[in-house]
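Structure first, commentary second.
Residue numbering begins at 1 within each chain, and the chains themselves are lettered A, B, C and D in the order written.
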Amino acid sequence: MNKSHENTALSFERVLFFSDAVFAIVITLLVLELKAPHMDRAVFTEEAMRHELFDLLPKFLGFVYSFFIVGLLWIEHHRIFRYIVDWDFGLVARNLLFLLFVAFIPFPTALFSENYYSRTAFILYAGCFGLAALGKLWVWRYAVSKRETMLAADVDDELIKQISMRSLAVPIVCLIAIGLSFIAVAFGGFAFPLIPLVANLLYRKKKEVTA
Amino acid sequence: MNKSHENTALSFERVLFFSDAVFAIVITLLVLELKAPHMDRAVFTEEAMRHELFDLLPKFLGFVYSFFIVGLLWIEHHRIFRYIVDWDFGLVARNLLFLLFVAFIPFPTALFSENYYSRTAFILYAGCFGLAALGKLWVWRYAVSKRETMLAADVDDELIKQISMRSLAVPIVCLIAIGLSFIAVAFGGFAFPLIPLVANLLYRKKKEVTA
Amino acid sequence: MNKSHENTALSFERVLFFSDAVFAIVITLLVLELKAPHMDRAVFTEEAMRHELFDLLPKFLGFVYSFFIVGLLWIEHHRIFRYIVDWDFGLVARNLLFLLFVAFIPFPTALFSENYYSRTAFILYAGCFGLAALGKLWVWRYAVSKRETMLAADVDDELIKQISMRSLAVPIVCLIAIGLSFIAVAFGGFAFPLIPLVANLLYRKKKEVTA
Amino acid sequence: MNKSHENTALSFERVLFFSDAVFAIVITLLVLELKAPHMDRAVFTEEAMRHELFDLLPKFLGFVYSFFIVGLLWIEHHRIFRYIVDWDFGLVARNLLFLLFVAFIPFPTALFSENYYSRTAFILYAGCFGLAALGKLWVWRYAVSKRETMLAADVDDELIKQISMRSLAVPIVCLIAIGLSFIAVAFGGFAFPLIPLVANLLYRKKKEVTA
């Protein structure tokens, strides 16, 4: 078995397909944490139902928040894999570790939604996203370390730096969120909308002079 | 990084694959709301079992209804993406918002099946479908607004108008259904079979003169 | 919009992808019905655990049975779609109805596993498989009725007859199973292994004379 | 219908797609076994929450362990299907049996996580992985038995022997794990990290003399 054999032993397309499927399942499983309340017809009033649904508000917010953060991780995952043209067992193993954190997300989402006043739950929640984002960065840095063979020819230093720097936005915001949660748990969630801002602070594209 | 890079940073095929997977998972998760009743062998009679199953009728209907409405949204999603040939972050973001409503569908389905006498539950149910359909229309209008680059060359004004107008059928029927539910909750569901009729009222294809 | 537009408005590949995904999700969701027993460490004995697992035997059997019947439906679905080369809304709608019965399978599986002594549960179980198989036959007959455009050129009368006749095997065996269940519920399950035999009785390939 | 028809009656790509989807769903369903604890705000303390989460440690470990073993089975499944270029019903049937064990994995994972002190639960857990790995080996040996038509032309005896021998690593380690569990259940899990070592003992690649 020669080297080229080893490199293609795993069809890359299937690695991406597998990753996409895990993302799609995770993003859809999030809704299973929302248990529909049941009220017996005998005691039922519309007002009581509205009250029950209102009590589910933290869970709705958790669903929406996690949906968009998983969506963001999926978009970023695609972005880096657009530039990766070759792979090996090391890349697949790092990608699997990244997917472990993604697949785990429904748990901290459920935990924090159920106990939205718990700092411990919030730290697990923000920590899981931060670790997933770091896992993605690890995949990228591994590919960069084998740049000669793994990255597309038109990937330049500027682009590598841009992706690497901007990839730090989610982990940094998660750290800020955990820090804020020590003042008050409710403050933690306010940090997430900072992600695009921090990404821009970390790396701003130079003005392009287009012909 | 030049512009063409940005545009293809997300493989379009994967965006569609991801959307299809979310649809497939949602349509299959619906059955999980149907909890099989258990009767101990000691007290078991076939008649009691039939009675138990009969009590599940609203849930069966909810499953079938939601199955076909999700199926309809999937068919319509495909229809518009057949004409879209280019994309950007804005399109992917709008598509993600659309998928948020699709992924949420199992919750109002369960809620309304469990509390089929609740107007609040019905409004959430019909509202979720209406918002999903509006999300799809938003995706389409965004693509139309960037028509030069995003739509296939053979898409004419007539087709754009047809898809836009017919896309309003589901939101309008959902509004009618919510209106009817204020007379009696049971009436609300009768509106859904009107979808094809309303779609035809909104836009009727002109008689084609084929050579 | 010309006719060729209408016909390709739904990418066929995606219809198949969507069907495959529903099959894969259903076949994997079956395991969720198997709830792992929990024994507190204080009262735990290995013998009691073995006893608990032994009590789950009907559920294990239900899992294995449904797994292979869903697998069989998936194989048969592929077989017919290998010969279908064109499609329209009618075909997609019939395929969606077929998938409705496939997506429903986890419910009767759970119901019968929970109440393996109930004839009502068994009838729902066998009936669901029979209806799914009939749905598949309906898809096939619809394609045959539009044979000129929908079937591959090399599909001959012999092959059409073969697929149509053999497709009746699952519905017929389900009817036999339901009939047997009126003698004793436990007898019903014995009918399923007859599927290959009945398929051969319905259509036997002629001896081929190959050069 | 001639022979070549029969052979391609099942699109191979879809068999792989279906297998990949089952893997992705199983690996993502594992998290559903982790039920988030809920503490009422009235009695809530961060310390009690940390204690609750600490009690879930065996379940977290079960999740991580099963995630990586399913991941390993997926990588190995891909490896063998890279060399398989043709197929028949026999191959698909054996692959379905393999997937049965893969789809079953969430049950023994939940059972052992819930009852980490039970040898019975551990034997089912290790046994399921071992049987899945044997199922994969059966698929491979079947393809090898029809080597002329089913394997790629560049597959040599050396490679066949390598894959066959290394495939025994997981079943052997599972047997060792079951053996160790008779000393103490907690010892069983220590065997799994031996998988790469045993794989290397079973087959070591010869030093390659490259030009």
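To be clear about the criterion, a contact is a pair of C-beta atoms (placed from the backbone, for glycine too) under 8 Å apart; a residue touches a chain by one contact, two chains touch by 3 or more.
These figures come from a predicted structure and were not determined experimentally.
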**Complete:** In contact with chain A as well as chain D, sorted by label, we have none
**Request:** Please identify each chain that touches chain A as well as chain B.
**Result:** none
**Message:** For chain B versus chain C, which are copies of one sequence, does the interface use mostly the same residue numbers on each side, meaning over half shared, or is it different?
**Reply:** different
**Fill in**
Given that chain A and chain C share one sequence, their CA atoms superpose after a rotation (degrees, nearest 5) of 180
**Asked** Once you find the CA centre of chain B and the CA centre of chain D, what distance in Å lies between them?
**Response** 36
**Request:** Let me have the rounded angstrom distance from the C-alpha centre of chain C over to the C-alpha centre of chain D, please.
**Result:** 26
**Request:** Would you pick out the residues of chain C that each touch at least 2 other chains?
**Result:** 17, 21, 25, 29, 32
**Request:** Could you pull out which chain D residues touch chain A in their complex?
**Result:** 16-17, 20-21, 23-25, 27-32, 34-39, 41, 44, 46, 49-50, 53, 63-64, 67-68, 71, 74-75, 78-79, 82, 154, 158-159, 162, 205
**Asked** If you look only at chain D, which of its residues touch chain C in the complex?
**Response** 1-3, 8-11, 14, 17-18, 21-22, 25-26, 29, 32-33, 89, 92, 96, 99-100, 103-104, 106-107, 110-111, 113-115, 117-121, 124
